[in-house]
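Next, two complexes with subunit A in common: one pairs it with subunit B, the other with subunit C.
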Partner chain A sequence: MSPSKFKEPRTYQAESDDWQLLPFRFERMDGRVLVTNMVGEHLFLEDAEFERLADKSLPVDSPLVRRLRAKHLIRQPEERTPLSLLALKSRTRNRRLAESTGLHIFVVSLRCEHSCPYCQVSRQSQDRDRYDMSLETAERGLDMAFRSPSAQIKIEFQGGEPLLNFGLIEEVVCEAERRNSRFGKRLGFVIATNLALLSDEILEFCARHDIFISTSLDGPADLHNKNRPRPGRDSWERAVEGIRRVRETLGVDHVSALMTTTRASLDRVREIVDTYLELGLRGIFLRPLSPYGFAIKTKSYSAYEAERWLDFYREGLAYILELNRQGVDMTEYFSSVILKKMLTNTEPGYVDLMSPAGIGIGAIVYNYDGSVYASDEGRMLAEMGDETFRLGHLTTDTYEEIMTSEALLAPLEESFAPSAPMCSDCAFEPFCGSDPVYHYATSGDFLGRKPESDFCRRNMAIFRHLLDLYENDEAARQVFLGWAGR
Partner chain B sequence: MIQLRGRAAAFGLKHPLSRAVWLIVDRDTMTPQRRGRAYLLRKDEDPPDGFGLYLIKDPDDAPTGVPWIALPPLLTYVSAGDVISVSATGEYLRVLWRRDSPNNSILLTERCDHYCLMCSQPPKEREDDWLLDNARELIRLLPPSTPGIGFTGGEPTIYGERLFELLRLCRNLLPEAEVHVLSNGRRFSDYGFASDWAGVGNPRMMVGVPLYGAEPALHDYVVQARGAFEETVQGIVNLGEAGARTEIRVVVHRQTAPALPEIAEFIARNLPFVEQVALMGLEMIGFARANMEEVWIDPIDYQAELREAVSLLARRGVRTMIYNHQLCLVDRELWPITVRSISDWKNEYHPECQECAVKERCGGFFFSAKYRHSEGIRAIPAEDSRALLQV
Partner chain C sequence: MTDPRNSLPLDLTFAAQTASVDAIQRAAYRFSDRFSCELIPGEDEHRCMLTAVGDDAVGDHVADFRTEVLDQALRERIRAETEPIRTMILAHAFSKTGVVDPPDPT
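This part shows the complex of A and B:
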């Protein structure tokens, strides 16, 4: 054995400095340059380094070359691995497109015993014939759901308050299970309910059919009850008691809660998080208020300050990270969705942050009256008289007609972020998504004008904030990796 | 450390031996089958008829009228259930299999198209197919209940179809065995080869492939082969697509230690489908001794990079383990993923270890640590051993 047989590192460097650039985008951030490759892997470069990348003046022995090659930003002309790995990662990220619609929302009743001022769709009414879904309509909805090529079918019952039409839920669940014995899909059920009408019979049925509960919880009692008036002013008490019973009967992982943010929430994010913690909920979704429906009519949206919401989000996230540092397992779900897109090749499947958009092909809505909508927000617009996102009707239109309707294809195509003006060269695009319904509601077309888009401004601020923490806060980075990996 | 080869103390053979591989049996374990069995004679025991070879521990006990070999003094530990190979002359013995050891690893060839800076088994360019023949014989002699077997090289995939035959033999004769094969992975860059590998159809089979960089320059330098990174990475991708269970092994040394985080990031982003990643301590033997200056690094000097690499992988759901590391050199928070991985026959402890409270759970040392070991070795007091309870 002779050490002289071994060759020096430079023997194995690239043969020439004839680099090819692979697709990348960049954004200046805090004096450095953020560079993202085509699948969203990121790297921060100093200005001078970025100049050398742009000029392709990269000596083969430069340490920068090693970082750029590892992130698939440059390659040697004959190298195949960077291309095949980028292809593999792109394929993984877009895998859900081959699956098509996985979430099927059944609006089983428009009636509700709450009268929330920001609610877009509910009705105070006893008129079951008018506002409840019929069994015939529900069965047509199931016909449609089982036409989806997706191996996974999740049926979500919404309202109004869906428990007001629980009889129909029972029939749909049993019928779906019966049909699925032929299809063998992974079938799951969720009821989105305020839990005020929860009974032992309902819980027992949910336990028997492994049904998940998604409820609403806006924070401490006074805040929640102010947001959600109902006779008896006990919305919070009923929700909290309901969450406790669901955890005990169905299991702690069978209930999650969503919050609605109002102006009154903005100064109280710690209390809101604490409320979730006290109830044993291990995650919270710090949501902005949507601009749809009655929320626009009652002007509660225009009063809503985007910057103040960002402060609310940042303060809440900081508090949740602090809790994690103390060993408390708590997740902020919106950040978690983005971090998955940032740090893995997994597409988390969050409908409002997908490209192509999740409307219709990620989730689809069967309204109580048999109308089919591309999204829940699309249905809310229709309640206000704008039927742009109505894809058809269960009794008159076939699956093929609905899924290839212009009402679905046009917004999907026009909003597709990788080809949208300003999105196509945005470094954050791989973390982001398309929301044609939001942009239509706020600016009148599916694409929107990005410099004026609150969707864009809000998401960009969040991306920057998360990247800043990931790069500069060691403890936050560890938590983020864990959220991304879940 | 346990010796695995030696020269017979004495032997009495009329003819050269007709076979190389022998399963040792004795009075208590005798089976009706005698072909391929060597009978271990006890003192004053009369040799039973029909065995091709008789083994004794003391040359003074030589039997008459049968072929016999007196075991080398350092190999007298062998017992029934072990398998040895013997040269045709009877002079040279090698222990191939120790029934009671969890670390039976079978060398299939010394040929390799890598020339790694730290290779513990430096490659030799000469025909050694007899190693494969011996491995086949060995598998036929092992009991069907054998829990595990490892194959190593050199580069076992040079045998192509003949390797698959061996692996099918394992699948058929050793249905309970976890089969682990070490390969540099390059041949799997041919998808057909990866697909044939998966076609062996053994759910207990896994291939361990080394990766030493997140881009070609570093990996190719460490393995001293231009183009290796391209082929190995494509090979791992192909194995994944073919549905083969794959482990990535990263040996940590002076060249790879600073790059651990970028290697971990690369794996987590590009190869997250692998079953596990093993971050391995360096064995100071073979080329590692020759290239001491290039490869030696004290593990206490790369704990930050090790911690970072584990975090980048494990938190994103890639199972990660640390092999060949002494617990006293590894951060407490990493203790739960350390594996006691140094083969028993290579394992030794430092004098300092006598007082150590976690010695039984520690990787210990390669015997080759006598050539170089960390400055940080120290006994862990009993009150600090609690970190292990998280395991």
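This part shows the complex of A and C:
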């Protein structure tokens, strides 16, 4: 008789009558207890089950012990595999840290022909000398970008309206490609533009250099044009035409759009999603309004109610899930980022949901005048006269001085979530991040007081909502698994 | 308008055997948008004087606060019990990345 390929069932039985706790955190949630392990894998327990876990009265052969072991929440004494797996997953989740800065934002011009009331930074000016980045400054920016140890360098051109200084974009792209023949990094380019000034020549250049376009689209024409006034009142028409031409020339995947949410958006989320769909855009980022710059000055932030935005988000997500059930492929990107953190061991690298924070070490900004900022929001604060997040200047400071400046290290260290009050024992922390610029702008310190933080309140509400749908709505669960796996 | 009764401090006590000062402080922090907590540690029991900071009466949150203190005491126990293993996992995770100090030869 040939030996069986299968082992006896007892081989898989517990070797010990005992079990031990592994590190975990918990939160009570709607009559149940959410438990997350040290890499964010989660399990819901009934109150009674949780009590038996906490007082260690579960028999080793109970089905719950198997579930807890599968999620690395407990282990048998001397069992090594859960430790190795947790170590491997921890390392995977943190692998971006060793890479350092991958996104380098070049603000090539502060000038813009739009006059959006919530815009923090742009200038209505013809003064090129004063508000455009010079070639010398741009080359120093490239020196910095290529000093980054990251194997992947993405250069994003921002403004103002960057197409107003397109000549510089051409020079930077060509010079970066020339330098990269020596470095061999994965190099990519993005232009963040309102598309109003798009021309055939610009498109041809973008096609030759595989440049991606990120544009702004706030929803239907009346809403978008109200948010984004320009001479001719045709911002939406130009954006839509631009999106069509980019898709045609560069490819459908080479253009994405970001929306800005205003009070006028809050009752119109379905129309906004429909507008994206009609233009062939298969994803939308339901963004809250940022609290920086002119948004504060014009009171548009203080008027913004966090609860109303959450309703807007929930309604939009419900509609997008409904579309997916009908076979329409549509993604809500913020949920998608969070679900990736919840359901996989991949760190998506979204700057606002990283800890340590993504400022400086995830993305860095070279302003038109050579100033270096830890983030785009830090630059916006500087435009209001607060230079807390100014790391130095491309002309006078070295890479080492900028990356080890107190202006970068202090907010990174002080805002680190795993050692922050309330965050350190929060079960949602593995899904969340640190945002020192937001907390500085809203509460005056890098950490913020979490019970009063809208960042914390908003994120917790979203985490709870996504987990609730994932656990209780099978169709939503399937869509979420698809988004997380992308 | 704030109800003047809400601004009266409310006294609570916790047995020192079941709730540490740290657990009470952590719980109080979570409620700091609703009330402030003056904590007077004692050998047998810790006394908390809670004062509302918003429009809600402190009494509305007492039951939740007590539950949170118990949860924090449990978190404290889990932290203490799993701390060595947590450190071991993280050391193992980053042992080959070059960011961990080599062991002291002495």
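Worth pointing out:
We adopt the following convention: the second predicted complex is superposed on the first by the 469 of 486 C-alpha atoms of A that agree within 3 Å, B and C clash if a C-alpha of one lies under 4 Å from a C-alpha of the other, contacts with A are read in each partner's own complex, and residues count from 1 in each chain.
The definition used in the following text is that a contact is a pair of C-beta atoms (placed from the backbone, for glycine too) under 8 Å apart; a residue touches a chain by one contact, two chains touch by 3 or more.
Here the structure is a predicted model, which is why all the values come from computation and not from measurement.
Touch criterion not met for A:D18: it reaches neither subunit B nor subunit C. Shared-chain residue A:L343: touches subunit B; no touch with subunit C.
When subunit A is checked against subunit B and against subunit C, the one touching more of its residues turns out to be B.
Of the two partner chains placed around the shared chain by superposition, subunit B and subunit C are both touched by A:S84. By the touch criterion defined above, A:A484 lies against subunit B but remains apart from subunit C after alignment on the C-alpha atoms of chain A.
Once chain A of one complex is fitted onto chain A of the other, the partner contacts of A:E201 are absent, as it touches neither subunit B nor subunit C.
Judged by the touch definition given at the top, the superposed model places A:E413 against neither subunit B nor subunit C.
Once chain A of one complex is fitted onto chain A of the other, the partner contacts of A:R69 are limited to subunit B, with no touch recorded for subunit C.
Contacts of A:E271 after superposition on the shared chain: neither subunit B nor subunit C is touched. In the superposed model, A:D425 makes contact with subunit C only, not with subunit B.
Subunit A residues in contact with subunit B (one complex) as well as with subunit C (other complex) are 84, 88.
Across the complex, subunit A meets subunit B through its residues 1-3, 5-7, 9, 11-14, 41, 65-67, 69-70, 79-81, 84-85, 88-89, 343-345, 478, 481-482, 484-486.
Interface of subunit C with subunit A (complex): residues 26, 29-34, 67, 71-72, 74-75, 78-79, 81-83, 85-86, 88-90, 92-94, 97, 99. Only residues 115, 117, 122, 214-218, 220-221, 224, 226, 229-230, 233-234, 237, 262, 265-266, 268-270, 272, 286-287, 290-291, 294, 311-312, 315-317 of subunit B touch subunit A when the two sit together in their complex.
Every residue of subunit A that touches subunit C in the complex is listed here, in rising order: 20-26, 28, 38, 54, 83-84, 86-88, 90-91, 94, 98, 421-422, 425, 449-452.
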